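Both of the next two complexes hold chain A, though its partner changes from chain B to chain C.
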Partner chain A sequence: MDRASESVIEIQSLTRRFGAKEVLNGIDLSVPKGGVFGLIGGNGAGKTTLIKHLIGMLKPQHGSVRIFGKDPVDDPVGVLGRVGYLSEDRDLPNWMRVGELMSYTSAFYPRWDNHYAEELRNSFDLDRNAKVKTLSRGQRARAGLLVALAHRPDLLILDEPSSGLDPVVRRDILGAIIRTIADEGRTVLFSSHLLDEVERVADRIAILHGGRIQLAASMEEMKESHRRVTLRFDKAQTQPPVVSGMLSCEGEGQEWTMILGQTDNNLAQMVAASGATVIENESLSLDEIFLTRVLR
Partner chain B sequence: MFSAMRALAWEFLKYGWLHLLLSFLGGVALVLSILMILKNQNALVLDDPGMIMLHTIFLYINAMVFASPIFFLLGNPARFFTIPLTSRAIALSQMIATFLLVAGQIVLYTLLTNRIVGLDWPTLGPAVCLATTAVTFQAAVYLTQRSLWMVPVTGILLLAEGLWFKTRYGDLSGSPTHFWNTVTPGEWAVMIAALAGSFVMGCYGMALNRCGESINTRTFEAWVLSWFESTPGGFPVFANGASAHFWFEWKQKGWLLPGVVLLGFFGFTFVWAIVDRDITNLHYAFFVGGYMLALWAFISGLLFGNYGSQDARHEIGHFLASRPMTNRNMSGITVQAALASLALGWLFWIAGFGALHLLLNVLGIAPSVKFVEEVRWWYVPATLVFAWIALGIGLLITIAGRGVLYFQLGLGSYIFWLIGTVALNFLSDPSWSRYFNAGCATAAGVSLIGWTLWLYLEARRRQLLGSQELLLALAAYILLAVTVVLGISPRMLTDGPILILGLGLIAMSVAPFAGAPLGLSWNRTR
Partner chain C sequence: MRIHISTTDGVPIYMQIVNQIKYQVTSGKLPPGAELPPIRALAETLVVNPNTVARAYRELQQGGFLENRRTAGTFVSDQGSPLALREKRKILSERIDQLLAEAHQMNFSHEEIQQLLKDRYDLFQSSQPAR
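Then we have the complex of A and B:
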């Protein structure tokens, strides 16, 4: 089966400008079916702008966006009927009660599971009679997540789901994500700048910076390919050593520490030829990988 | 402290100078346009007692037009609560700004009107009185904004000050008989006392707000609210998304127009019972209510078209944008809910007015109002059509999520027309202003027809409209146009510009059916 047919989301050459500011520049991204996909980037990187294209709130100025092979602008029913979405601002009708919100939302989705919805409501500790405007920020996020999950969507899109929430609520949200993964064939795309959480749950990630995808890979590939290597040379080096795939290098004299974006024989050859010794070779956290990639 | 006050004043003026200027021009434009029309038709008789009524009505309208943007610009004072300013300083700075701006604008408006139209309307007394009323309203809001008492308290205070203002021009009941040309020491004392009381109330209210408190009647308020709440546990069940969304629109916005009509009946009757008790005047008030329906329908249309997550933001929110519904379906349900709301409000009006009319017939009392000769019983369905046109215009303004743009266009056109009319009146033969008005009426009519046509063609091109709907709309337009022009007002046929303007306004009755899905698609996907 080819990759395209396995993809839930296909983005090709997506470009978006707001006035003179180019927010997305030639984005190519493919999100495979199943698993958790983390979209990470700093504030203002364009994550929400990208997500808005996925749910049809923005039309590509250049390029294309396909969800389940369909254009979300042309076919909102076909796309959004299979998508559960939680926005960053937790936009919910303030005047509704939680019970009314569930009733209203359930009418749009034939696959709405009342039993599952009640199970979620109880686990999120939400009062059916409480008005949305009286809910705290964390409760509001849980209410939004409830209506996004209860119809068992094929694709769950979460925009900064943990932002501004306490660790207890964050654990609940992550727990909900993991339960969603447990349902066969479902996909989760979530954007976040809280990298420790992404690192814990994501199977694949993409780093968005400067309007471009800097890197997109599985978490495993990313961890394996990014290493921090410290070398000790016999003689003091006046210039930083050159290694292919090196993202950054610092040090002086005999000891130099470099961060490598790919590990290959070039390092071993360089070490052997220069008589250097590898005194440290460790994997990086996602936080370190991200900072190295965006601060280049 | 003074530098903080200067900073607050700078913030207010820097952000709001354009809003203040436009609201002032809009208020002046409204009054001058009516007066200039009367003057051009030689209907402006300075000694006529009706001029006093006109003066007071214009003052009420302009006080609202001037005060509304001021309250909007002052915003929620909660944003100052973390600044090292006392609650008294915050309250006083806001109320003094309101007083000075409202009074100043009324003085300027009156001086301009007097100069341009050649009147001699009083300035100081009305300016101070209405500015005091604005401050009273503001202070009452500070005191009651976290409670159910806001509407009754502000309503009672405004009514009391409004009735006192009315008595400056004549008796409490009946029409005004003289201008308020001189302010007596007693009247100064009353206004100063009202102003001082408002300042005290406002400062106290601000202090309560800062602590997150309100007037302590929570138990009573909870009991009142329980009458309007759904039965706990009794949540609606919907057959499909369309019925769910209709419920969504109705529950949020559908009650406004019928509620306003009922409130209007009770309110008018209550005031009539206090100040008048002449049943023919109540009948006239209910009759005029048919015209007022259009005003409230316009406001209702603005609300129905607002898909924003907040009242002030018309850009569609994420929750509604992510509903699995097409723009055609979603907007169609909004239009249906708006129609249903209007129909219910209109039926309430018909029932109330009809019952009173029947009562007068039974009692053998001749009503004071007679239907305009050429309109006769057409007045009744015409109120529904005018109200629908007004609702449709309001809906189209907000549904595209770009209400500010439309508002600026409309206001700009209106100011252009007024400046042209006034300038031509002074600079050349006054009949030139009639040609100018005729040109503007023609341009407006042609624009409205052209815009409606474009809406239908564009909606059809984007497949937001079927050919059957297009043909139905065309048939409805032709039927309505022929009925109005030939059946109700054949005089329009003799006046080309008025005919074209009329046809343009009639086009607005079918515009929403194409404009709504187009506007929503423009709003939902940018």
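Then we have the complex of A and C:
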């Protein structure tokens, strides 16, 4: 099978400027079908701008975006009918009641599942008659999630779904992500700066920084390829040791700690040649990997 | 079954699940035949990706700690911990080696040893209290 038919999202050399500011700079990204894709990056990294291109809210100035092989700007019906989307600011019509929001949204989606929508409304404890305007932050996020999920989208896109929410609502959101992909073949893309959540639920990750994808890999590859290694030398060293694929190194005298960013490196040869001892060799948390990649 | 997931110490999540289930099986907290929660249910409880739980279960099945009974679910293997089983085999093998060495000294043939073993086994069985 060719790559295009297997990937749900295919972005090629996407560039976006706002005035003089280049927010996205030559993004290439492919999101395979099935599983959870985590888009991570700091504030202002361009995550929301990238996501707006996926749902056709922004048109590429340069490059291309394809969702299910289609252009979301040219074919919004073909794309958005299969996409569930929750924006960062959860912009819902304030004047509607929850029940009205549900029937209003259902009109846009032929595959809307009333039974499932009711089930979600009950589990989220949302009152049909409550005005959207009066909902708490957490209830508002749940209402947004309900309308994003109830048509059982092939692709669920969540922009910073957990930001500003308490742990109980965050758990609901992560639970919804897990249940969505437990249904065979569905795909979730979510952006977050809460890296412990991403580490828990994502299969694949892309680090967006400075308008570029710094690294995109499966969680497994990411964890396996990054290691913290501490070496102890017989004699004090005036210069830090040099190992291929080294992302950072600190220490002094006999003890040096480095972070390696690739499995294929010359650590073993270097250790053998210098007579150093490896006193620590462990994997990193996603948080540490991110910081190492971004602060470099 | 209680499993605690930490995302701060760098240990991959599937490995945390593998290690904790292994420990619970070898320590007897999860006895042979105990049923494990379905992948999807455990994923929701732990708030982790279902593929991560699936990978942990797969690894535990390969290691002989768990077994998959078709359509029924995932269970702790009946033979108990494979480590314990390997250890027991090792002890018995050493005894058998000693016996074989002695039998060889006394010029017993392979068939004679097997016949003798069978006779003694039958006698041993008949002397055991009925269960």
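Here is the rule we go by: the second predicted complex is superposed on the first by the 295 of 296 C-alpha atoms of A that agree within 3 Å, B and C clash if a C-alpha of one lies under 4 Å from a C-alpha of the other, contacts with A are read in each partner's own complex, and residues count from 1 in each chain.
The rule is short, and it goes like this: contacts are C-beta pairs under 8 Å (C-beta built on N, C-alpha and C of every residue); 3 or more make two chains touch, one makes a residue touch a chain.
Every value quoted in this text rests on a predicted model; they were computed, and no experiment measured them.
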Given the superposition on chain A, are chain B and chain C in a clash or a fit?
fit
Looking at the overlay, what does A:Leu174 touch: chain B (first), chain C (second), both, or neither?
second
Under the stated touch criterion, which partner chain does A:Leu92 make contact with: chain B (first), chain C (second), both, or neither?
first
Give me the angle at the C-alpha centre of chain A between the C-alpha centres of chain B and chain C, rounded to the nearest 10 degrees.
150
Pick one for A:Pro76: touches chain B only (first), chain C only (second), both, or neither.
first
Between chain B and chain C, whom does A:Glu100 touch in the aligned arrangement: first, second, both, or neither?
first
Let me test your reading of the model: by the given contact rule, A:Arg200 touches which partner, first (chain B), second (chain C), both or neither?
second
Answer with first, second, both or neither: which of chain B and chain C does A:Lys33 touch in the superposed model?
neither
Which of chain B and chain C A:Tyr109 touches, first, second, both or neither
first
Which partner does A:Lys223 contact after superposing on A: first (chain B), second (chain C), both, neither?
second
How far apart, in Å, are the nearest Cα atoms of chain B and chain C after the overlay?
27
Residue ranges of chain A in contact with chain B within the complex
55-59, 73, 76-77, 79-81, 83, 85, 87, 89, 91-93, 95, 97, 99-100, 102-104, 106-109, 128-129
Touching residues (chain side chain B, partner chain A) in the complex
230, 232-233, 235-241, 243-244, 247-248, 251-252, 309, 316-319, 321-327, 524-526
Residues on chain C engaged by chain A in the complex (per definition of touch)
5, 7-13, 40, 43-44, 46-51
Which stretch or stretches of chain A touch chain C in the complex?
35-36, 171, 174-175, 178-179, 181-182, 195-196, 199-203, 220, 223, 228, 282-288
